[in-house]
Each structure stands twice: as structure tokens, then as C-alpha cells.
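Take this structure first; my questions come after.
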């Protein structure tokens, strides 16, 4: 029956799909249980009494989506349906409720414990590699030879998360370059380096990209980074630093949106330099560029670290993701991304967020005292960690 | 952190685990969200407003369990924890609430769309086959040579469900014998038959057993049967009937629990025959056995089909499972299971529930009219089907 | 020790390798057994007495090569060594003896019974697909998008042979296009056709290419074709014709090498047309082209079918391969390959060799009478077939 | 055609097979080439001229067997055919020539470079494990629970060789127990030890068994031991000694076959003790047993080390195998195998052959000077090693 549904659904036009979504929205209750969906032993029933105030798991719509998952390939089709819903919801916000029903299911289904972490390299299937070409959103892949360089050069790594019911379709992937010291320029990073992996000391995560629009807001980016760090550490003990080379997508937009007073306050006497920045013809002028660097770097740091949303998190989405995941602010890199997009977004500035830094010799790490921490304590710790968890809302 | 937890947890004694469960029960709220666990785009937030009355997905405890799943092997350890909780809950029913938190997660995680269906045979790994020996609960396996006969004889099939995060540990398995006509005796069925698969016309599902106590109440038994039927149909088009040879575990208990008036009403003048049944020395007496058959078969049919729970479902758990899954009552088989357990539970009676019967030539199947049924209609149909779904609460 | 050898060998320069080959050539005897290499039971020794005139299996050099195979990756390195030997042997023909020692071993090692036949498609590993781009010798692959079209279009198939000790390195591959009727133009064949596989009636084998120079002269091309025919027949019962669209590489060379008398005899009065052919400016002149077609097609047929080597086989290497493998001559296709190479080799002519033709309704196939043919008869048949077997000496 | 042959061949009775073998023996020439089987490029032909005295590779019969290998499963069927031939050859020694034709092919086909080395454990397929139960020839496996102990106890290892064309059918397997110090009793070794692998210092190879009678005389036993030693060394660096606990199958037979003078010479005045040994009632008599030990141990050492065949190798087949493979004589163990067979063959004596012994601290190992050894030298070394290679003619 679920297979039948998808066969018919896939034949619908965009308008018919919209009509169908509205039908779902109106006819099925998100709250009420369809009927008591699960009959339990008497024992469990009593247990549930203690739970009584909370309605049982799923509403009618979520139950329906759960049943559709029984179809072969069902989960991919539901992920695609949510992508479609999110697109339609831009025009009809009432459909967001349906996208949210699916999001709740996906939070369960795409629990990182169920995902498989795999290295991707030049011996991976060509149709899988095509995903990388199509979905690399941060630093676009320029055809197969560019991809080959990113995958088969000894100083590159690429890792991805897969769901067992969507084999061959990566959920998200991360690209890594091995370097000596922090990378300060994306162009030099993407060029061939010839560094032997065992002589590198740093792993630069230079791109994380989602492959499934329908999984927007489901958070597995941070786990992918953790597993990538572990994979690299196990393979290459010589790597002591793990960091990003990240864009600052909202910097110039924030700068332009400042009021005149704020600008004056932040820049001191140099407000006219901002006009130069806008005009954009400063790159070739060494002196001007240096003055701009002196002006903009402190501003960017202020933007990244001190400018917060109403709930106290960084305004910049990439900063929000990495700092929320436990990374620290490393350094700003002037003219690190001279591409049109890089200049437009952040005047060419990029930032290294640091995940793992070499331990300084003079700092005595406090012993972890593992034996004394009880499972009791762990539970509270886990829940506290969950509060800080940051979702990836953009490719980073 | 999740891995740490399990390392510590596994070192706890049974009493310490009980203490830990009570801590969880008392300190973490099943209802309140820990904090807003997921930050969504503004768009989705508006959508959620429409959902407002329903609290978001998970309470604190379920969130904790979700996070524990991140550990390698986490899902198996949580399944084992629920088994432990169900055992402890026999003495402290307040713990049923925790078992129920896990059940709700498991309903999502063990959605049949995520399970893999595999045939098990004599080329399967020995440690996997050991599960079958240990968990076959309906007709115990008598060592490796018995298992070999059940797996490598051409007229036998065995299928199981696996979860991708628990490879090698079957969740549930079903054993099938190919026969000519309905099987009427479990002993003859288990003996070697020498039937060539392509000459059989019937597939008898003679045992379904759960391997994971911690998944009690999670319903995938019916799906396993559906997939087994499909696998057999594809492999052997000559099979036209799919049926069970099932025990009637509650029959004698029900009979004994009847009041004297009910007994009199049901048995007519033959209430003394029930005394004979109790005494149990009638098997060798052909005449007596025949009289008992005449008395008990109608009673068993009445028990299976007309005796219902308060919510209108069959009292017998095996009948409840199969009839709830869409099977129909086939026939009763006298002295079909003369083992001690069979005699004690049901006076040796067994029943065939029919899943697929040969289509009679004179019945014109109405054309499915697929083109006309819209996705709209399918949705309602799915939800209606869900109401009738029957959970497997015992091995059947 | 064998691993050590290859480590040292790979560090040698081309000259040092040559010196090494000569050392091998001079110091190790191809004939004498090193010592009695294999001690057998007495029983077998007596058996060998009957065999006495034939020296035992291997000479010293072949024994050495056998021992080198023990190294991990040894077989690939020996195949590469033979490729190197064949190159050196162009200048020092005495090295052909060493290449021949290896050939004898490879005849055993690459027995088709040990090769695995696999379909290659767009989900194959990228590094494997790169072999196809690099080794397609008949109709070169123009980058990844051309390859994608040859592999992922529904009307294309590609199959390859692999050796288990050289996984990921194809030995030979064959490319197939599904068509309606015989293909008569390579350009139309390589362009996208949009034919649904289940509506095609013909499979055109348009290219067979070797990937391992070191395996030159080892015959598995014919077996690859047989397995490809079987794979297509099983997948698509609608395919009734299997044929090639093959080049005629030696045609113009043969034509030019004819004596004036032969030319006069073969062309009648039209010897001047051959001058036109040589001048090459006839393609645009419709009338001239037609006259050339009338002249050349009979000549090409005569070349392919009647012009034989001293041992009675076709002079044209592609004809020799396909006709020796049991294919029959189908039809000549005028201007089928207008590429520079096609024009230079065969004036654009191509030929279909037919492997499987639709069975005509009026021909009653004689019953195979399988029961009556004894294993005795099969043995002689096998040996007879072996005589006719044709080695692939060029990509076809 | 090759498949056809095996279908017909498998239907033959033993007598018909014998008749068929004689037909092969008489009608096909082992020496003459069928015709020139391989046409080479001219280049190679010249090379072969230098080779002229040696007939090309295969005779007619071997060519036939090569062609039969093309059938799916052909190699297993040819191996089985050789097993059958060896059995028939006991009565008709002229058939040994055919078995030898196959042996020559098998020497190529089962070159260790093509075999896959795998650990076997309790997660291996049950039908593969059944081979171990059926073919363990040295210390028979007493059912599944005995096998489970040999495979799943942490201090046991089992490794096997497979051929890629015979997956699931092991060729040969070796059983290993991890111990502290040399094992001196097979009963204690086979009992459960409870030794943690990381605390052991010795790996005892206590059984090597062939699974394919048809591969008798093909030598891969020594390679299996080398790979097993490497696998154990990589997994457990704490293992410093690798040795066997081996039977002395020919000892008592040799002793009994001595002439009276030899006996007198070897035993001094104790010839009557040999009578006691024969009578066999000495085990319970401590004094007598001690006297026998004093008598027999030097005799056994003499038998193992000094008693040679006409070609200078040890008479005892197990000693011949291990000493020929580079092991050294370790120590004799009195009453190490008190089983009936052990007593009958060797008065209960067993021997440790040492493959790897702990390096003594006072011995300065000479540096390997790898850079200076040329590929030239390696070649001669390989060939010399080949001379010493010992075939496994019995399970050891």
C-alpha cells in the first residue's frame, strides 16, 4: 500500500502535490492519536499511567508518514517530500506544520547512532562521486579532474555520513586537507600541495556540505566532524591540530546594515574607508588594502564573537555552528578568499575555528578521574551537552 | 560520553542498576522538553505554532536515551536495558514508565522500513545460528543436527529480520516447512519429509520467535510474515497456500477457569468428560479420545473465535496475532501436538491460520482499478489498516 | 623474498632492467628442471614413468616466475614485467624467450575458469572507470561525460573480465549498444539513441579492448563475448541478434600492396578509381562516392573472406578473431566510420560479424540428443574446438 | 560444452568412470601438442625458436583438463576427479599418469599467490565449519561443542587457505593454541586453558589438515604456516615462540622393522624392554615407564633426525614436512599423546618443531644489509629455497 502511494504520488504535478499537502494538513490531526496505536501488556499500561499527561508519541500525520516508510526506498522519498514541502512552505506557511511532522520523525530516524561513517576516495562509485560534484556548496567542484585532485591526492581526505536505508546517497560530506600549520588561503589550500601525509601537522576541514535538502535542520554535522577528527587521529598520529578554514557569510551584510552612529563608533574616524570597501577598487592598492585590513579584522572579530541573536548565539551561521559544536575562535585571514563570492560576503576574510589544538607542555591536564564519575553524572552531562548543540543550517 | 556511560553501566550490579533506574525516574521529566532541543528556521517555527498544543517530540528521559544511542553498539545496549527494565518492573511498576520511554523510541527506530529481511540457511554464520537454537521458543531446537535439518533440507526455509545497527543479532525469525496440503501434526512436520520444493503446494509457518526480550511489544512480526510470503511466492510459484500450524496456548486455562454453569452450558451433558481430560489418561483409549475430540474441537473454535477481550480482540494471544494480521481461521487439528506442553496447554490441539488460500476458479477477482485510487484515498486506507494491526506479544 | 625482489626490481632503471633480463636469459635454463621440484608419492612416480619422454612442467626460469607470484600483488607485477619484456624484445629478440616463459604461465593462470565476469556501470568505482577511459582503443572515450553516456544510458552495457588476484584492474572489456536492427554507422551508434532496452532486438558489440599489454596473446576475448551474449540473453529475452560493428583495419593497406596486375584483375577497368580513393577528395562527391562503393564493397568482402595467411586463416586480424570464434560474416557498411582513422584504414567501411542470428521459422533445429552424447565424445569435441580457437591480437 | 561434460560425467558409475579414464589414457597423448594451440605474434615466434628443444606447455590430456576448467565449478570437479583417479590408481597404476597431468595443472592453479588466507572463527558459515569437523585428521573434532571451544575461546586461532574459484571450501586449515611455554601434552592443550591471549608467549600449531584429497602433493602447507605466523605476530606482539606439537607417526613402525642386530645396537642391553613396549601393559607401572622413556627418547630422536630416505630427507613424513620447511627440532615429550592411536604410532611420544624461537639477547643479529642484495641475487636464492621445499604428504 505504501509502495502504491509513492507510485501515484510521483505522478502528481507540483500543483496536485500542493493540493495533496493541504488535504493532509486539513484532514489529519497532528495531535490526536489515530486510535490507540499500540496495545501493550497490562504491565506497561500501568507504567503509562504515570506518563498520562503526555500524549503518546505520534499524531495521525506522523503515523501516516511512519507507515509510508514501510515502502522500499520509503525514507528517501519522504526526505524528498520534505524538501518539496519546505519549498512549497515558502508560499504557504501552513505547510510548515507538515515539514515539522517529518522533521520530528527524521530526528529519530537519522539519530547519529544509525548513520554509517565512510571515507570517500577515488575508488568510490562514480555515481556517489557525482553527488559531491553536485552538492559541494562551499567551494564548488570544477569537474572530474578537480574532484580527482580532492580525492586521490595523498594529502586529502573526504568523509561522509550515510543512512543504511539510503545506501549510495550521502547525507553530508566533509572535505579535509592536510597541511603544515593553519591554512590561511583557500586558493593555496585547493591547489596541489605535494605534502606527504606523515609530515603534516594540521588537518583543515575546508568544506561541509549537505546532500539532502529534505534533512535541513537535522543535526548530524557536529558528529561528522567528531568522527572525521577521530579517523584522522587514528590514521595519522602526527596531526596535532584540527581546524577549519571557514567563510564569514554574514559579515558585509551586517556591516552594511549598521546605522551611521554604530559605524562611526566602530570605525572611529575611518568611516570613509567603508566607502572605499563598497566601491571595491582597493585590492590592487597595497596601502589602501593594508588600511582596510587594520579596520576590518577587529570588526570581523566583533561580528563573529560579540554579535548575538536574541537567544544569545552568534549571528553568523557558520560561527554559530562551529562555536556551538565546541570549536574555538582561532585567527582571521586577510584576503583568504578573493573569489567574487568571498569578496562580496566578507571582503575576502576567512576564519580558522579550532577543534583540536596542540596541548601546551606547561599546562598539566587534570586527570579525567574516570572511575569516580558515575553513570548518574553522565546522564546530566549528556543533557547539558544537548542544550549547547548547534544545528547546521547552512553548508559550512 | 555515551560510550563512557555504557562502560560504567555494564559494571553495575542488579541492585545498582535498579537504583539508577529510580534516579532516572525521579530526576528526569518524561514530559517537559529539556530545553528547546532544536532550533529551527523561522519558517519552521511559524509552522510549529499551528502545532502548538502538542509538546515537542521527546521528554528529558527519551532525549537521554536518544543520546545514549550515539555510542557504538548503543541500540543493542538500550534494547538490553529495556529487557532489564521489564524484569525489574515486575517488582516496581513505576519503572514501566522508563520501559515505555524506550518503547516509544524503539517504535521509531525499528520501523519495518529500516529492517533487513534475510534468509537464514546452513551457510549462515555459526554464531547467528546459535541464536536460533537459543531463542526458538515454540518448538525447541534439539542441538545442531536438528538445526541442520531445519535449515539445509530442501523443503525448509527460515527468514529473519535484522536491524542494520545490530548486524548478526536477529530480531525475530520464522521457520517454514513446504508441504503438500495443510500440515496437521507438528511431529510429522518436524520430521524429514523428502518433499521436493517444486512439488509442494503449501508453506507452513510453524514457528515465529523473538530474539530480543527488550523489543517486546514492538510490532514487526506481521511484516516478517508478509515478506516471507513474498519471498516464497517469488521463489516457488507452485506454492498456492500459506498457513500456520499454531499452538492454542490459552485453551485449557480458559476451559478450567469456566464456572460450572458455563461448563454445563458449553459441554451439554458431558461435563464428566472434562474430568477425564484433567486426569489425562485418555490418550491410549481410542474411544475416549474420539469422544473428547468431539467435545473439545467445537469448544476450541468457540474459544479462538468468540472469546474476546474487553476491546473486542481474541483472548488467545496467538489467535489475536494471526487473526489481527489478516489471517483467517482454517482448521483445528486433533492430537497435532502430543508433547507435554502441547497436552497441558491445549489437549494436543493445534490450528491452521490461513494467510493465502488458493483462489477459487469461480470467483472472479474484481480488477484493482489502480489508476482511480488517489494518494488521498491511500492515506486513509493506511491509517485504517493501522487500527487493525496486531502486536506480537508472545512467540507464535 | 619475492616481495623483496619486486621492491628492488621496481627501483631499477630501464637499462638495469634490460641487464637483469639478459642475466635471467643467460644464467637460467628454460629447459632443465631446477632439481626435481616436487616430490611425489611413490605411486605417482610410477605413473610419471609412463610420461617419461616429456620433461616435467617448468624450466628454471618459469619456476622462478612462479615463485615470484607468491609476493602480494605478484601477478600484476609479472604481467607488467611481460609488458616491459615485450617492449625490450623489439630491440633484443632473444628476450622473447622470457616473454614466452611468462606467456606459458599466464595461459594457466588466466584460464577463463578463474576469471570473474562483471558488468560495469555508472556505479562502478571511479578508478576502475578510469581504466576504460585510458584503454578504450577502438573508439576512444572523450572524457567522463562520454563515458557516462556509454555506461548509464539504459541502452548500453559494458562487461569486463577480472582476475581475483588483480581486483579493480580489468583485463579486457567489451562495450555493447542495444539497437533495432544491425547498426550501420558508428557515429549514430555512439550518439544517444533513447531506445528502451525492452524494445531493442539487437545487441551490437562495438568495442573490445585489452587493458593489460602484458597479457598479449592470452586468449580470453572469445569467452568474454560468450558470457556477454549469455548475460544479455538472460536479462533481455527480446534480443534475438548479437553482432559486432567492426573495423577492417588492414583493408587499405592490403589494397595498396596489390601488384598492378592484381589491381587490374580485381577492379576491372576501374583502376583509376583507386587513384581517386588515394587522393581522398571524393567524400563530398555523391556520384564518385557511389561508384567507389560499388567498387570497394566486393573488394572488402574478398579481402575479409578469401585472403588468408599461410596457415589458412583470414589476413585481417579482426576478421581472424571473430570468424575464428564462430561468428559469421554479416554485411558491409559503407561510410560507417568517417573518422580520419576509419577513412585511412578502410575507406570508412565497417562490417557486422554475426554471433547470434534470429532462427528462421522454416529451419527445424535438430534436437540436441543430449542423452546420447557421452563424455567420451565431448572430450574429442573440446579438443577439436581448441584447434579453431582464435587469439585476440588487437583490440577489436 | 565443459558444463555438459560434467553433467554427464557425474552420472557415471565408478566402473564407467574407470572405463572413461582408460579411454583418456589410451586415446590422448600426454606429450604431443594437440595442434599448435597458440598463435603468437611473429616476434614471439622467434623467441620460441631459442626455446625449441622444449615442447610447448601441455599435452593433449592436460589441454583437455584445462578446457574442462571453463565450466562453472570446474576446478572443484577436477580436484574431485583427481581424488577419484588416485583411488582408482591403487588398482590400475597406469592411471597415475592422468593424476599427474592434473597435478601439473594444479601446481599452477593453486600457486600460493592465488590463494586467500582467512581466519576461521565462530562467526564463519556453518557449512564451512562442518568441513573442519569432517576433515580434522590429526586430533578429531568431537562435535559442535568441541569445535566451538577450538574456535571461540580467546586463546585459539584457526586459519585456512581458500581458492577464489572454490569459495566456502577450504583447501587446508591449521589450528593454533596460545600457551605459556611449549605445550607438552595434547590433552592439556585441547582442554580449555583460560589463558588471556595477551599474556601468552607461545603459539602452538597443533594440527594441519587437508580438506581436498584431490590436491595431494600440491604444496601449500608451508605457506599457510608462514602466513599464520605472520598473522599471529601482527595481532599479538607478545608471542615470541611459534612451534608445533606434532605426532611421530612412523616411529613404532620403524622400530619394529629393525633387524635384531640393529635393535641390539640401538638399545644396548635393553632389547627386552622393546618386548615390554610391544606388550603394552607398562603405562601404569611408573618404574617401567621411566625406563622406557630413557630408552625410547634417544631412539625417537635418532629416528627423526638421522633416519633418511634415499634422497637424504627424514623418513618420518611429519618431520620431513616441518624440517624441510625450515623448522628445527625442539624437544620430545614423553606420554604427550596417550590416545590409542598415539600409543600405537609412537608410544605416546610427541615432538615440538620450532618455527620461531625467542632471539637470545647475547646474539647480535647481523644487519640484513638489504640495499646491497640485488634482484640478481634474490633470483638464485629463490631457486635454492625451492630445492628445499617440502611437500605435505600427510596431515601434520
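Read from first to last, the chains carry the letters A, B, C and D; within each, the first residue is number 1.
In this text, a contact is a pair of C-beta atoms (placed from the backbone, for glycine too) under 8 Å apart; a residue touches a chain by one contact, two chains touch by 3 or more.
These numbers were taken from a predicted model, which means no experiment stands behind them.
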Most distant chain from chain C by Cα centroid: B
Approximate Å spacing (C-alpha centroids) for the pair chain B, chain D: 51
Interchain centroid distance [CA atoms averaged], chain B/chain C, Å: 58
Computed distance of Cα centres, chain D from chain C, in Å: 41
Every chain pair in contact, whichever chains are involved: A-B, A-C, B-D, C-D
Complex contact set, residues of chain B against chain D: 122-129, 143-144, 148, 152, 168
Chain C residues within the chain D interface of the complex: 1-2, 4-5, 8-9, 12, 20, 23-24, 28, 30-31, 34-35, 37-41, 43-44, 46-48, 50-51, 53-57, 59-60, 63-64, 66-71, 74-75, 86, 89-90, 93-100, 103-105, 107-109, 111-114, 164-165, 216-217, 219, 223, 311, 370, 373-376, 378-379, 381-383, 385-387, 389, 391, 393
